[in-house]
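Across the two complexes that follow, chain A remains constant while its partner is chain B and subsequently chain C.
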Partner chain A sequence: MLSYYSQLGLRSLRRSPLLSSLMILAIALGISASVSVATVNHLMSSNPIPHKSEQLYYVQLDSWSPFEPAREPNEPPDQITWTDALNLMEASAGLRQSAMASSGAVLEPSDPDQNPFMVSLRLNFSDFFALFDTPFLYGSGWQREDDEQRAYVAVITRAMNDRLFGGENSVGETITLAGKPFRVVGVLDTWQPVPKFYDVTVGAFNTAEDVFIPFYMKQQLELSNGGNTNCWKSPDGEGFEAFLNSECVNYQFWVELPTEGDKAAYINFLNSYVEQQKQLGRFERPLNNRLSNVMQWLENEEVVADDAQIMLYMAFMFLFVCLVNTVGLLLAKFAGKTPEIALRRAVGASRKDIFIQHMIESACIGILGGLLGLLMTLGGLEAIKQLYGDYMQNLVKLDLTMIAFAIILSLLSSLLAGLYPTWRACAVQPASQLKL
Partner chain B sequence: MNLSRLEIGPLWRALLRNKVGASLIAIQVAVTMAIVINSLAIVIQRDAMMQRDSGLDEDNTFYITSTGYANDFNAQVSVTDDLSRLREMPGIVNAIQINAIPISGGGWSMSLAKTPGDDVETTNTAVYMVDENALETLDLSLVAGREFTPQEIRWRQPSQPNWPSLTIITEALAKSMFDSANNALGQTVYIGDEEPMTIIGVVDQLQAPWVGWSNLEHSMLSPENMAFTSTRYLVRTQAGQRDRMMLEVEEMLSSSQSGRIIRDTTTLTETRDRSYQQHEAMITLLLTVISALLLITIAGIVGLASFSVQKRQQHIGTKRALGATQIDILRFFLLENMLISGVGIILGTLCTVGLNIALVQWFHVTPLAWYYIPAGALVLIIAGQVAVLAPAKNAASISPAMATRAI
Partner chain C sequence: MLSMQDLSKTFTTDSVQTHALRDFTLHVNEGEFVAVTGPSGSGKTTFLNIAGLLESFNSGQYILDGHDVSHLTDSQRSKVRNEKIGFIFQNFNLIPDLNLYDNVDVPLRYRGFNGAERKRRIEEGLAQVGLSGRMKHLPSQLSGGQQQRVAIARALAGDPRFILADEPTGNLDSEMAQSVMQLLQAINQQGTTIVMVTHDPALAAQAGRNIFVQDGRVHEEASLC
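Right, the complex of A and B next:
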């Protein structure tokens, strides 16, 4: 029965090609607009580390000026100071934790045919890799002792390994970074969390860093500040050390707390830490420490761009117009079929049969519109990628969820659109058209 | 004109008989109007944003980064050397070392106060560290005061926290702090709480690095060269020479010294495009939505009107047989559409305002100016009339003989 009705539906669509293609096109346009924009929003608001996102917490401490908050109304700064980063690491009060920062340096390849080039650096502690479950292609992260001993060790990305070592296992090889020889201890497999949640300060959708080295290298090699540096007062004294030890914030801090109890204990720890710092004349603002899990932090930092959300609303309203349009056209189409419906009723089709037949005809439009819409979505996403450039490159991948969403959305939309016209079709009296 | 005789009454009754078809059109018109007007307002705002002038001679300016990595790399010698070579090159108007590039997205900001101390009112500004060649390179002209002299330029060492004692500021910053350029001249401002800087000059316009910043026009010049291993040069070329000079400068800097890399040669035009890329993209997307939406709505009107003409063939034929002229029939359908659109526009005005309130509330969009609504309404009325014209013409051409068919 289903296949018979589908055939009837498709035949009916062929009978008025202009009207049918208009309906299919309207559904397709609505679907492609909604699904393209929804894909971007979906990826912007996706959970980058679902299995652990509720156990990883971003730490904020209110070390800001006594005269004004870091951000209105009374928000603590979004990063912490060097001093606090080291103190929290030393206390080691969570299961795993890592302070981190971004920087850059010149890498001199050992192959003399390759020119030196700039690489982006992430400075972090050994826990970083276990904290975020980074995938390793070769080797592993460095050990805790390496942090303390300020060992010249590095983890490089797969892309960097391809560039420097032609994709071979480079564990044990040496790279020259900022003029110093670093031993490669691990090569990451492709790792691009979207959003790049562990540091969103200069863009939540940027590409992950090229090279990871121990946090203390910041001091050891006097590496420059990457990302944002915010200060509410000038450093006391001159030179790199004074700048490091200033009240300027440029560091991020993540801690893993598996249970609610751990979280409560960590909040207590932070509060007592700040109280103790107050004794030293720092932290002049009232106690205002924050722990945010991954999704809370992304929400807090508003990583989903306003423009993307505006486009989402516009796109769904656009789909709505397309649907209203389709309702009107279906109404016209089914009305044109009145004699046929009356005839079918007269030869024995029940209202239910007519209902099913026309809902299936509507579904045919939905499926055709959905398929065309999916094709157009690919075009739409490509257009978004072209328009936005690098910013969107990690945000325009159509995944299975979105494909299913597109099909279901178009099917539902067309069935919804078909409901009223079908009801009207069912109301046709068998006798009404049999006059002649 | 015979409007009173004209079918307003029968028209309404006809419409009421086909409530659903008419409401579908009215709803489409209403939602289309809300989206089109609000989108267009955003497009116009973004476009105005993109038209703002950075102050630079953008078409003839580029910048290039030099990063030293050799252990014996001497930043101070390198900068002095590079600058004198750059300034000697034919085709170059002037060149400077600079800590940040206007409208590029990355830079330094500081807050300035009129009195020293830590609990005082401050004004935020972008800081550009430049030497005495800044005005010509950045294409700035003095509104008041004077330029820096070569003797006033100092060297800033890495992590050096203090500031020189002189500054030149933009007119916008002067107005924010001292109401006018002339008032600002000779005044002392305090940077980083207590260090005094005297304003010796005011320039017309120079934008900060952040195009989304509310203080975009606030910039100050600090007279210093930087002894940093990684540094940028901003180069202004003679008209039309930019692309050629980019290659020559890259070549010259790369070959003049070893132990460093020369990278990221970028034009100001590229920088502008990148900084405004999201706005440009938004404009394109919204214009696409607007056009698609208008097309869909027009197509919908054509479809439904054709259907209604087809359904009313006998009726129209009867009217024609009873003496209605072709013009009467045409007018009937145009007027019918006008009425439906009218209802749609009343509904649409509510939707437009509602959507605008939501956008303002949630996304800090600037509220709509009132005249967008009548303008948008007019566009939709015209679109509706155009759409209904073809079906209405078909209706008008129905022969009176149709009246006799199949009754």
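Right, the complex of A and C next:
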């Protein structure tokens, strides 16, 4: 009977093409608006490293002013100082860890035909690549010895490799960064975590950096600070070294702690470390160290902005308005079918039969509306991309989850919209409609 | 076959009570062809609606094919209508965007027959009314008489025990009306019980038995055979 009801549903849609088109369009508009916004929200709030997000922890140390918190009500700063970054790395208390920072430099291609250009840099330790399971197209990350020896090594992205070396294996090649020759040891395959959780201070949805080099290059090459730098007191002295050794925060720190026991031990370690630093006259605030796993950290940093949430509510309100319109149109459509319903009831259809037939007709409208809505969503996402530019590049991809969401949402919406008109259709008294 | 004993039906509005049937008693035997006549408002339509299980009644007893159908649920009534009763309407009540084949198929779908069985019954039904060559036609492509023949094929497709016909020739010219009447007589001769409401004394005279309804009662009954 389901195929029979489906045939009847589609036939009924053809019978009143204008009304049917209006209903399909209403559903499609609602679905398009809500799925477009939900897609952006979905990607904003997605887990960028699901297999490991419970084991990776972002470290916060409260090295801030004794007179006020870094952020109300009593939040520690969201980055750490150079001194603390190096001390935590030296302690090596986690399974893997990496301090990191962003910066930029001029890259001089070896090809004399190519002009120098600015690249974004990530300064990190060798553990970074294993910590975040970065995929490699060629080669690998550098070794711990390279960190210690301050070796001039680099990992470049696939896009950079395409640009500089035409996509060939460039491991062993040399690139010139900030006037210094760096040996390429690895080429990352496409890697774009969304959100870019490992450093949200430079934009949670920006693209990954072009080049990755050892953390100590910050000091070695006196590279400028990228992202946010916050200070609660001025550096003690002049010059780059004084700034590095100041209480200014500009560095992120991630540690891998596979078990709850590891986490508890690491918190103890952090507390001990801060107590030690207190004896050196630092950390004048009460103990307030934090370990946040990936999703906690993204929530803490409010990666999904409030206005994005408001947009989502508004989009679903719009869908609701579309549904109300669809209810009205369905009422009109089913009212026009009253003689047929009465006839079917008279020749043996039960109320249940009529109910199923009309719910399936509503579902047909929903599926067609959903498919049209998906097409409109693609257009909507493209419009968002055009409107917001590169910032939204990584947030406007319609994945399988969202396609399934769109179809299910449209199906549920149409069934919901069809409930009342169908109930009315079921209530048709054949005796009142048939001249018998 | 059909036995109504002291049936009463009252329609109540805010201020008015209308007694459509009062102590309505009628017994129709298997194989009979009964014509029901009476003035407008006499209760003929209410009687047919109740007989077809399309409407409930306030008191009395209704036995159809040996079963008391006075207190059936909605789905039980649907099942009885589907299996035992065939309806022929004055306005034919064909579904306009279904072809003849699909129109005759409607009651069979709710019966649960498989495709082959439905096909056999539809083809036989349409052949019986002389329209086997027009299965793919839409109702709008047929004359009134032909549409009524399709309605008869639809009523017969499920092999009902009896047929309720409401002014089956009311919208037809005299020639077509006579043709439809001959068809009904042929069906009756094959054993199907028919109860037909008509205003036309000439048609009523062709039925095996004639009852007259007035003021909600079987006022007069006359055997014409």
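Here is the rule we use: the second predicted complex is superposed on the first by the 435 of 436 C-alpha atoms of A that agree within 3 Å, B and C clash if a C-alpha of one lies under 4 Å from a C-alpha of the other, contacts with A are read in each partner's own complex, and residues count from 1 in each chain.
Going forward, contacts are C-beta pairs under 8 Å (C-beta built on N, C-alpha and C of every residue); 3 or more make two chains touch, one makes a residue touch a chain.
What you see is a predicted model; the values in this text were computed from it and never measured.
*Asks:* Just to be sure I read the superposition right, which of the two partners does A:Tyr4 touch: chain B = first, chain C = second, or both, or neither?
*Replies:* The second partner, chain C, only.
*Asks:* Using the superposition on chain A described above, determine whether A:Leu22 touches chain B (first), chain C (second), both, or neither.
*Replies:* In the superposition, A:Leu22 contacts chain B only.
*Asks:* Looking at A:Ala264, would you say it contacts chain B, chain C, both, or neither? Reply first, second, both or neither.
*Replies:* So A:Ala264 meets neither chain B nor chain C here.
*Asks:* Using the touch definition from the top, say if A:Ala431 reaches chain B (first), chain C (second), both or neither.
*Replies:* A:Ala431 contacts chain C only, not chain B.
*Asks:* In the overlay, answer first, second, both or neither for which of chain B and chain C A:Ile408 touches.
*Replies:* A:Ile408 sits against neither chain B nor chain C.
*Asks:* Applying the touch criterion given at the start, work out whether A:Arg351 contacts chain B, chain C, both or neither, answering first, second, both or neither.
*Replies:* Touch status of A:Arg351: second partner only.
*Asks:* Of the two partners chain B and chain C, indicate the one touching more residues belonging to chain A.
*Replies:* Counting contacted residues of chain A, the larger count belongs to B.
*Asks:* Pick out the shared contact residues on chain A: the ones touching chain B in one complex and chain C in the other.
*Replies:* 436
*Asks:* Using the touch definition from the top, list the residues of chain A that touch chain B in their complex.
*Replies:* Where chain A meets chain B, its residues are 19, 22, 26, 29, 33, 65, 67, 105-106, 108, 115-118, 178-179, 222, 224, 233-235, 237-240, 242-243, 305-307, 309-311, 313-315, 317-318, 320-322, 324-325, 327-329, 331-332, 335-336, 384, 387-389, 391, 420, 436.
*Asks:* Given the complex with chain C, which residues does chain A contribute to the contact?
*Replies:* Touch list, chain A to chain C: 1, 4, 11, 14-15, 339-340, 343-353, 429-431, 434-436.
*Asks:* In the complex, go through chain B and note every residue touching chain A.
*Replies:* Residues of chain B touching chain A: 20-21, 24-25, 27-28, 31-32, 34-35, 38-39, 42, 67, 69-71, 118-119, 157-162, 192-193, 230, 261, 263, 274, 277-278, 280-282, 284-286, 289, 292-293, 296-297, 299-300, 303-304, 306-307, 310-311, 355, 358-359, 362-365, 406.
*Asks:* Which of the residues in chain C come into contact with chain A in the complex?
*Replies:* Residue list for chain C touching chain A: 45, 48-49, 52, 54-55, 74-75, 78-79, 81-83, 87, 89-91, 93, 95, 97-98, 106-107, 109-111, 154, 158, 164, 166-167.
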